[in-house]
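Every chain is named by a letter (A, B, C and D) in the order it is written, and numbering of its residues begins at 1.
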Amino acid sequence: MIDLSVKIGSLCLKNPVITASGCYGVGREYGELYDPSKLGGIVTKTITLRPREGNSPPRICETAAGMLNSIGLANSGVGAFIRDDIPFLRKLECARIVSIAGEGLDEFAELIRRLDPLGEIDGFEINVSCPNVERGGLAFGTDPDVVGKLVDSIRPLTQKPLWVKLTPNVTDIVKIGKAAVDSGADALCAINTLLGMAIDIDTKKPMIGNVVAGLSGPAILPVALMKVFQLHTALPETPIVGIGGIGYPKDAITHMIAGACAVQIGSGQFPYPMLPLDTVAGIETYCVIKGLSKAQEITGSLILPVK
Amino acid sequence: MIDLSVKIGSLCLKNPVITASGCYGVGREYGELYDPSKLGGIVTKTITLRPREGNSPPRICETAAGMLNSIGLANSGVGAFIRDDIPFLRKLECARIVSIAGEGLDEFAELIRRLDPLGEIDGFEINVSCPNVERGGLAFGTDPDVVGKLVDSIRPLTQKPLWVKLTPNVTDIVKIGKAAVDSGADALCAINTLLGMAIDIDTKKPMIGNVVAGLSGPAILPVALMKVFQLHTALPETPIVGIGGIGYPKDAITHMIAGACAVQIGSGQFPYPMLPLDTVAGIETYCVIKGLSKAQEITGSLILPVK
Amino acid sequence: MPFDTLSEVTAIQQIAEGTFRMILEAPEIAREAMPGQFAMVGFNSPLFDPFLRRPLSFSSAEFGRVEFIVRVVGWGTALLSDLISGEQIPILGPLGTPFPRPEGGAILVGGGVGVAPLLFAGARWKNPILLYGEANSEKLCHMHSVPCEIIIATEDGSTGLSGYVTDGLREQIDKCGGTVFACGPVKMMRRAYEIAAEMGVECYVSLEARMACGVGACMGCVIQTKDGYKRVCKDGPVFDAAQIDWEALDD
Amino acid sequence: MPFDTLSEVTAIQQIAEGTFRMILEAPEIAREAMPGQFAMVGFNSPLFDPFLRRPLSFSSAEFGRVEFIVRVVGWGTALLSDLISGEQIPILGPLGTPFPRPEGGAILVGGGVGVAPLLFAGARWKNPILLYGEANSEKLCHMHSVPCEIIIATEDGSTGLSGYVTDGLREQIDKCGGTVFACGPVKMMRRAYEIAAEMGVECYVSLEARMACGVGACMGCVIQTKDGYKRVCKDGPVFDAAQIDWEALDD
């Protein structure tokens, strides 16, 4: 029997596979295909204080081995979330992480205050990296001081795990990650989407209504692995949740080898809806083949060349 | 008759298509397939003062819609370049841009001093962005002050066009670009490769001998377009040479619509060796279809949505 | 409830210029599919070429098989057209909200390949009438069997009535009343809605938008309605035409 | 001089477990190709799946056609194996430095699919002898016509001599001398070189490395030699075995 469970700080997941924010709703839709409780966890779409309509369509566009999205944090706000989605989350037997974003420190704090008492929530993912919101988006995630202050300000408000999701669109992701950890973040999640755009040469218009969008999918796997590796190397004690470019179970395993203790799967689900479940199975098979008794042993098992 | 010529500062190219540094040698090899003089220009592999062996193999690896490389600026040094490659460049009737990299300001200056007198060179591309060299690589390209100082220090040494090639691995490419332009750069080239890595799950080893590598190819087109668009928007008077992800002629056209006055084609040549030549033809066809008399009119023709 | 299955291509045949009919073995999906619903049809390509699946409406679902009518407009549809019987592709469905079953009569208005879901409705409902329009007779889909009364129009008059498919709509409504169901180019659907609205009958349209998940999870496929953004994949693809913000729709 | 052509698949057939022979119509390339040279063989996939072309050695080139023997080891070779006659794929060649034509006798040592370029040499040169080894008889390539004298060895002894292909090399050199040409797994080539060196005959090997451009432009495919890094695609793939830094080569 392989022990698939992994620990992310104080939180124990039954396996290392989590669905990424914004690609899975709260699990209702894909829940018709398989039971989300079979996963290690889910991260909800990002919730904001007030409802957000989101950006003008078209919001998505296919690119080489990936896609652009500019959803713009469309969501019905924390009130509707508590009313409509919390009862659904109650039934899930996996880690339920709520992703939150605010336009200022107060909004983050207010979100935590309203959500912290709910037993249906096992942790928070702080989205400081969504490139699609004018305020509260890039500004937060690209400045280590601001990220530090943000985590400082919300850390006292909850005992639940606080994960900080990092943007790759920075010169030095380690600086931002370190600031978050120094202020008390329990784990770092990397990466969010890369800033990107696409243009229709016939109409000369951007393919995305909002012009600027976020690139995800297998195209970005090498970038994501690099960031996970950098974070794990610089902060070996910090749990890293690897996100980005997972299109097959083996890609999740590369994230773990690079240093992730768990992974999140986002747009890889769109062409391959059963990918999260197949990834759980794939990690188990890998352990069998490699003679590992625990999935945890995969984390950071990268063999570097001797110089 | 379509006028395909474009101006990049004082330099006039007969068409907007240039081959990118490191993917074309000096044109000798691909020159067996077609005459490089049919292109707008070529950028040589990056030349350093002393010969460089380059990084340990494996140096390349295929990824989803792209590739990683970690060549490590392998080249035989400026002396051998002058001896072996300048005679070859003499015969080319297109813009011959020499890419140079140094480990410090002095080395850049020394390179310019030795190369500037040569009539076979029509301009310099300053490579401050190669992620594969420990010194002189990332350090240069990620700090606007350093880039500014570098351009300041070499600008007086040559009257030839100075292009600065930017790395995408920064929080704000515009800052770096502006620093270069303020110090007298004639054009900005964007982008160099994205930092990335890949791992073999079977051996648990990195796929690249040097571990860290640069991602190129169609996978990065959306990122490259974004950077070109940002630079062109912030610096509308500065010529931008668009690089990154061009896999088909139409991709080059998207670069121009986003704001590039010319493009460079790198790894797209590997699966499609005739791509540069086909791109010249593709741009001409596009002008015909769109009723443009000059290829220059494509530059910056992006139609933004009215808010 | 949707199923994600690897389905075998039973038959594939060209039925008009650039248009083919594809039949897949997919028992679970066929059992549940209803007119107006669609599937996300994928590819067999390990390296993500193309990355996303393609939304396609069912044109029929019976005896454990589902049928699509596909017009080749890009690389994805071209790849599908190259499939051969016996090959397997992943399909996720049935998805989306079906057409509401009309109480009284139904007038189906299909422009181009938009006719696909209406053929399915035509086969399932009581005595509908199908107005089917194409640019010219080369594009006209050759039907192996027509499920209901059909009136054909071509823009160049090469087959059937001459002109737009909506040209005959007023007359049909006059004749038998009933609800209008339209699928095709945005301009055509909008015209159908305007005529229906003028004449005081209901109109439902099946809209298109680029999709990523197809199940309602990603919020990628929204269109503007009078009640805010709605997901084409989950809240649609069938919408009450009166709810659509037609000004905001590109054609 | 290399040519980049879109070449039609004339025939494709399985000749051993997971191994097939592919014949392409490519007159310019066939005219110039020499034993030891290779081509960069591409795909027909507009969305870069796979992105890079695959290097393959010619196993024959005559009458305007080039032939490859391909073992399926990953997605690219699997895609090639699925081609059907009449399909067209891009190929760039001939590339690389051929085997130097031996003055005297030649002993060709091929392990696995490494036999491909040696079959080409066997057909072009005077009276060479080919030692060909495989793991077992399932993997042994079925030759339509053997171009020269051939001695087969399988590791499990199921066909021909039992053991490694290099086991018989000493005897062959003893018998007729001549230059050794080896292609196959690194371990095998190294062993062939050691034996040749001991016995004082020259040895040339054909090496493999991941390639991007295949023409010498990108510096991606280097291997360590006693004279520094060399490009497998341009300076090789054929190297004097004495020049190779065998310690630095992975197997």
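Here is the rule we go by: contacts are C-beta pairs under 8 Å (C-beta built on N, C-alpha and C of every residue); 3 or more make two chains touch, one makes a residue touch a chain.
Bear in mind the structure is a predicted one, so any value in this text is a computation, not a measurement.
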{"item": "Shared chain contacts [chain A and chain C, defined touch]", "value": "B, D"}
{"item": "Longest centre-to-centre distance from chain D, chain (CA-based)", "value": "C"}
{"item": "Between chain B and chain D, centroid-to-centroid distance (C-alpha), Å", "value": "35"}
{"item": "Computed distance of Cα centres, chain B from chain A, in Å", "value": "33"}
{"item": "Interchain centroid distance [CA atoms averaged], chain C/chain D, Å", "value": "53"}
{"item": "Rounded Å distance, chain A centre to chain D centre (Cα mean)", "value": "46"}
{"item": "Multi-partner residues of chain C (at least 2 other chains)", "value": "46-50"}
{"item": "For chain B, residues that touch 2 or more chains besides their own", "value": "56, 63-66, 217-219, 247"}
{"item": "Graph class of chain-chain contacts, one of line, ring, star, complete, other", "value": "complete"}
{"item": "Residues of chain B touching chain D in the complex", "value": "22-25, 28-30, 32-33, 45, 53-54, 56-67, 69, 71, 74, 217-219, 247-248, 267, 269-274"}
{"item": "Complex interface listing, chain D residues touching chain A", "value": "47-49"}
{"item": "Parts of chain A lying in touch with chain B, wherever the complex brings them together", "value": "56, 63-66, 68, 142, 169-171, 194-199, 201, 203-206, 209, 211-213, 215, 217-223, 225-226, 229, 245, 247, 250, 253-254, 257-258, 286, 301-305"}
{"item": "Interfacial residue positions of chain C with respect to chain A in the complex", "value": "1-4, 42-43, 46-53, 90, 92, 209-224, 228-229, 234"}
{"item": "Chain D contact footprint on chain A (complex, rising order)", "value": "64-65"}
